[in-house]
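These are the structures in question, set out in turn.
What follows is chain A paired twice: with chain B in the first complex and chain C in the second.
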Partner chain A sequence: MGDYKFAKDKLAEVLSSLGDYQVFAPTPAGDVVRFLEVKDPAAVTLESANSTVPPKELMFPETETLFKYRLGDTGLDPSVPDASARRLVFGIRPCDAMAYTIVDNLFSWDFTDPYYLNRRENTTLVGFACGDPCANCFCPSMGGAPASEKGLDALMFDLGDTFYVKTLTDKGDAFAKAAGLDAAGDAESKAAEKQAEEALGKVKRSIDTAGIPEKLPSLYDHPFWEQFSDRCLSCGICTFLCPTCHCFDIQDEAEAFNARRARMWDTCMFAEYTVHTSGHNPRPTRKERTRNRISHKYSYFPEKFDVIACVGCGRCINNCPVNIDLLDILEKSKQAEGKEAKTA
Partner chain B sequence: MVDLKELQDKAKEVISRDDVRRLIGWQRGTYGFESAPIVVTDASDADKLIFDPTCVQNPASFITLEEKRPVPRGQEPDTRKVAVMVKGCDSRAIVQQLVEKAYPRENVIVMGMPCRGVIDRRKAAALFGDVTPDEVKLDGDKVVVSLNSETKELARGDILADKCMRCRYPNPLVSDELMTEEVEKWGADEFADVDEFEKMSPADKWKFWEEQFSKCIRCYSCRNVCPMCYCVECVVAKLKPQWTRRSTDISENAAYHVQRAWHLSGRCIECMECQRVCPVDIPIMTLNRKMTRDVKEMFDYEPGVDVEAEPLLACYNPQDPEDYIM
Partner chain C sequence: MMDESNPYLPYIVKVEDAWYETPVGDRAVKTFKVTFEDEKVWDTWSHRPGNCAMVGRLGIGESMFCISSSPTEEGYLRFSIMQAGKVTSAIHEVDAGDTLTVRGPLGNSFPMEEWEGKNIVSIGGGIGQAPLRPVINYVRANKDKYGDLKVLYGARTSDLHCFKTEFDEYSGEGTACHLAIDVEEEGWPHFVGFVPDLLMEVAPSPENTIAVTCGPPILIKFVTQNLEKLGFTPDQIYTTLEERMKCGIGKCGRCNVGSMYVCKDGPVFSYETLKKIPEAFA
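The block that comes next holds the complex of A and B.
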């Protein structure tokens, strides 16, 4: 594992030299930044605090074909799409890389999901440390940091005229070699360390999560949820833009004789998420749905996998149109008086 | 300017009435220029109510958003009234809901908030970044923002929402009581944005919408925030049979947005909430405003301004144009 660097004005050159990889990087379209496949290196931006849509979509796309089949054929000859391309995600923020390590638990749990896991396996993650965290970032509270290395193969730092690249795994080294990066010295690694420390001090918001996973089940019927759910729109912003939310629906789609089985993002914030075939809905109002979102992240998931399903990226707070603030909910949950625990 | 104490006292009085169940208004948000809607059910929470240029959300949306639980056997449903604070633009939603007989007039108490404009948070973020202001107020032709013990004066157009700059209804069109004096109207709407858009060739228009709709993640925040999208079951949520596929692609996304625009023609009251809430910046109102202008030009009809009006698609006039019949 080594120390490398490249001049900032060589960014396009570095991206172009990664021909062996399918490269994804933050690309703006108006005010919206998404991780798109790099077609034109000049379109890539590393200026935005973070992408609007998290790079979870690179491992777990909004909609993906599981297999295709033909209607009316006897026997099924499903053709599974090829996902063996060697990919590289350039400029992923440490929180979003850490999110993959959390979601891995789910996709390799009772059923090992080949679609997600193949992509994870074939992808190199080149992170980009945050020098200037946003107003609602709270990654340190979730075990991350603006320069966390968790889940990354390499980590880049913006040192003014140059990018300093610290490789962390063999995949990271392979990237540095492919990109033909120059060797860096002590000066760069010291500057990066200093920047990391300063950035940590700039994170404004925090939450002490101790006790929350155990407490939430005792608040199952508590009225405190209503001060948030009363104004909730029950839309999918908070969950779709969450790097750890991973719920999906599976549907068959047919056109004439050609059909496919596809899976697409789903969210517990939609009323139809829990509707039974009978028409009965066990989560009839936004109170139950709001409670589920928070409880899944902060109680059910850690109960099963020993890690809270949140990385503190702040997207759910930044994008909520009615200012439902996750940290506000968690603080209020600590103040609320619980009843004897009820299971979910 | 609204006297906050007076407003909160009035709200306390209203929510304390035996025949009032909940009161919907605004409260301070948790960061930046954010405000948040608040549903007050207890007089002790009335002190949280605010009214200033950060109060962007349309409280009328929350009247129809409320989901009622089934009433247990032997119990009577709670039929007490809902009180709601509305700006001029918000009030048009109530007018249109009443026109459509979404609920009887006596079910709502409308507290009118004459308004001189609200902040566009994207403009505010571009100007001030992550900073949380101490106070935002309108002073004559200026918006005065106090932050970090500094006071900044801005031209209204620099920070207020675009809809406010062409606002024709700053005073509520329906209300039981106005909380402040009426304000003078300043805006006019010539649909310059629609004119501009229509200059594009059909091919360019399609390219534009293809790019915009491709971004859509189908979170349905535009539909859910819309005070006029209050169908018990939305056509895109229908599962038996399924009318619109769940998968996100240009075809399904376009189907959703075009369906919604059609369902809102002659009904959209232009509160612009759909466009404000979109996390991927789709200019949804460009579609809706095109429909609004067509409806106005073809049928001389404007939704949400007259409680006595009939819904556009429920009335017929022999003079209606028939240009579309070949």
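The block that comes next holds the complex of A and C.
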């Protein structure tokens, strides 16, 4: 594990030198920034505070084939990603890297999911510390930080003319070697430390989560959910852009005789998500769906995996078309008076 | 057991036999007796009463169903499936000689070992008898390990009972079968009325007894209430839940009741557990 650096104007050069890897980096795409495979290093942007679309899609794509088959045949051809491939995510923010460590729990409990886990294994994560946290970030409240090292193989800091790179794992060292980075000294590591501390102080929003996981079940019937669900449009953007949301649908699709079984992102904010074939829906209105989204992240998930399924990236707040504010919901949940779970 | 390296890959199964349990038509129940196309699967396969599996047709999709045969019925699996939506309609088109897909066994199971030495009361309604059938047949096949077996089973009409040909076998030494239909029919010698009422009529003693119930939610609700009236405690009452499912392995998210995934932590729950989860009865 070492300290490295490279001049900012050498960014394209560094990215080009990673020929052994399939490299993904934040890239403007229409109105959004998302992590795309680097074809032209000049297209990469490190200016954006964070990508609009989280890099969860690199481990858990919006749609992916589980297996292919021919209609009429019974032979199944699985499309499992190669665990020994070499992929590298360049410029991932610490919150999004931490999100992987949370979602890992889900995809590896009991039944292991080779699609997600093989991608996790074959990918090197080169993080990019936040010098200027966004307006709605609250990563420190979720156990993160603008320069958190959780889940990362290397962490990069913007020091003006220079990028300082601290490698954290063997995978990170392999990246530094492949990129031919120069050694950095005390000056750079001290500057990075200072920046990390200052950035932490710049995070404007926070929530004390103590007691929330235990309390939420007692608010099952509480009317306070309606303050938020009444204006919810059920658009699902809070879940699609959430780096820890992992729910999916599975569908069979066929074109002529070429068929596949695929999985695709789904959202608990859609009515169809839970509706039974009989027409009965255990979560019939936006109230039940809002309650489930919040309870899943802040109560059910931690009960099962001992970690809250949120990293404080602020995307759900930034992108909600009707300004539903997650932290507002959590604060109100703390004020609301709970009662013992009802019995049937 | 399922392909450990890829839990999304189903087995191909051959339909050995298929028949209707109830009159052909909308919402009919059809039973499929299947074997694995690759016979080697049997070497590692084992399931327990209560386990489920994803049953599907390639090109259409798969849905979760309970395995309606007991592991003591060797050499095949049975699924009893009500036609209701896209996947079940497509499965109903299948007959002997055709193939289906099976992914499983999934979910938890009834704690049959814990129940050894106890009397068992099975209380079912309609297609809810499907997950109870493996319990009944398991207990019958291991008679020396269990006390008395009582089977209580109701349906709206007599032709809507599933597994009719087996009813005679349920009555014998230490076992009894009590049938019900909702509305009077000419020549019906058994109880007329709802299953919770049948339960009060039979009034099984709670002493050293486990009650297992499955059926529509309204049946489970009133059967549970009546069991408590009879003196059963929540830890003596078991049921199975169902929710919409896609993955069956605790990943895709939708089937949760509270913090429990019905596909993985269920489908079998004691009433003691369910009482603590308000969403369980949503």
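The criterion applied here is as follows: the second predicted complex is superposed on the first by the 328 of 344 C-alpha atoms of A that agree within 3 Å, B and C clash if a C-alpha of one lies under 4 Å from a C-alpha of the other, contacts with A are read in each partner's own complex, and residues count from 1 in each chain.
Just so we're on the same page, contacts are C-beta pairs under 8 Å (C-beta built on N, C-alpha and C of every residue); 3 or more make two chains touch, one makes a residue touch a chain.
None of these values were measured; they are calculated from a predicted model.
Should chain B and chain C be called a clash or a fit once both complexes are overlaid on chain A?
fit
Does the superposition put A:Gly30 against chain B (first), chain C (second), both, or neither?
A:Gly30 contacts chain B only, not chain C.
For A:His276 in the superposed arrangement: first (chain B), second (chain C), both or neither?
In the superposition, A:His276 touches chain C alone.
Once chain A of both complexes is superposed, is A:Tyr300 in touch with chain B (first), chain C (second), both, or neither?
After superposing on A, A:Tyr300 lies in contact with chain C but is clear of chain B.
With the two complexes superposed on chain A, say which partner A:Ala191 touches: chain B (first), chain C (second), both, or neither.
Neither: A:Ala191 stays clear of chain B and chain C.
For A:Trp109, decide between first (touching chain B), second (touching chain C), both and neither.
After superposition on chain A, A:Trp109 lies in contact with chain C alone.
I'd like to know which partner A:Ala336 touches here: chain B for first, chain C for second, both or neither.
Neither partner.
Mind checking the angle chain B, chain A, chain C on Cα centres after superposing, to the nearest 10 degrees?
With chain A as the vertex, the angle is 90 degrees.
Applying the touch criterion given at the start, work out whether A:Leu117 contacts chain B, chain C, both or neither, answering first, second, both or neither.
So A:Leu117 meets neither chain B nor chain C here.
Should A:Gln251 be classified as contacting the first partner (chain B), the second (chain C), both, or neither?
both
In the overlaid three-chain picture, find the nearest pair of C-alpha atoms across chain B and chain C and give that distance in Å.
Superposed model gives a least chain B-chain C C-alpha distance of 6 Å.
On chain A, which stretch or stretches are contacted by chain B in one complex as well as by chain C in the other?
249, 251, 266, 275
Any idea which chain B residues touch chain A in the complex?
29-32, 34-39, 57, 61-62, 65, 67, 69-70, 122, 130, 211, 215, 217-221, 223-225, 237, 239, 242, 245-249, 273, 276-277, 279-281
Can you check the complex and tell me which residues of chain C touch chain A?
Listed in rising order, the residues are 2, 4-10, 12, 37, 58-63, 84-85, 88, 99, 217, 221, 224, 242-244, 246-247, 249-254, 256-259, 264, 274-282.
Could you pull out which chain A residues touch chain B in their complex?
Those residues of chain A that touch chain B are 29-32, 52-53, 62-63, 134-136, 226-227, 230-231, 233-237, 240-241, 249, 251, 253, 262, 264-267, 270-272, 275, 284-286, 317, 319, 321-325, 327-328.
Using the touch definition up top, name the residues of chain A that touch chain C in the complex.
Counting only chain A, the residues touching chain C are 66-67, 69, 71, 74, 76, 78, 80, 106-107, 109-115, 217, 220-221, 246-252, 254, 259, 261, 263, 266, 268, 273-278, 280, 282-283, 288, 292, 295-296, 299-301, 303-304, 341-344.
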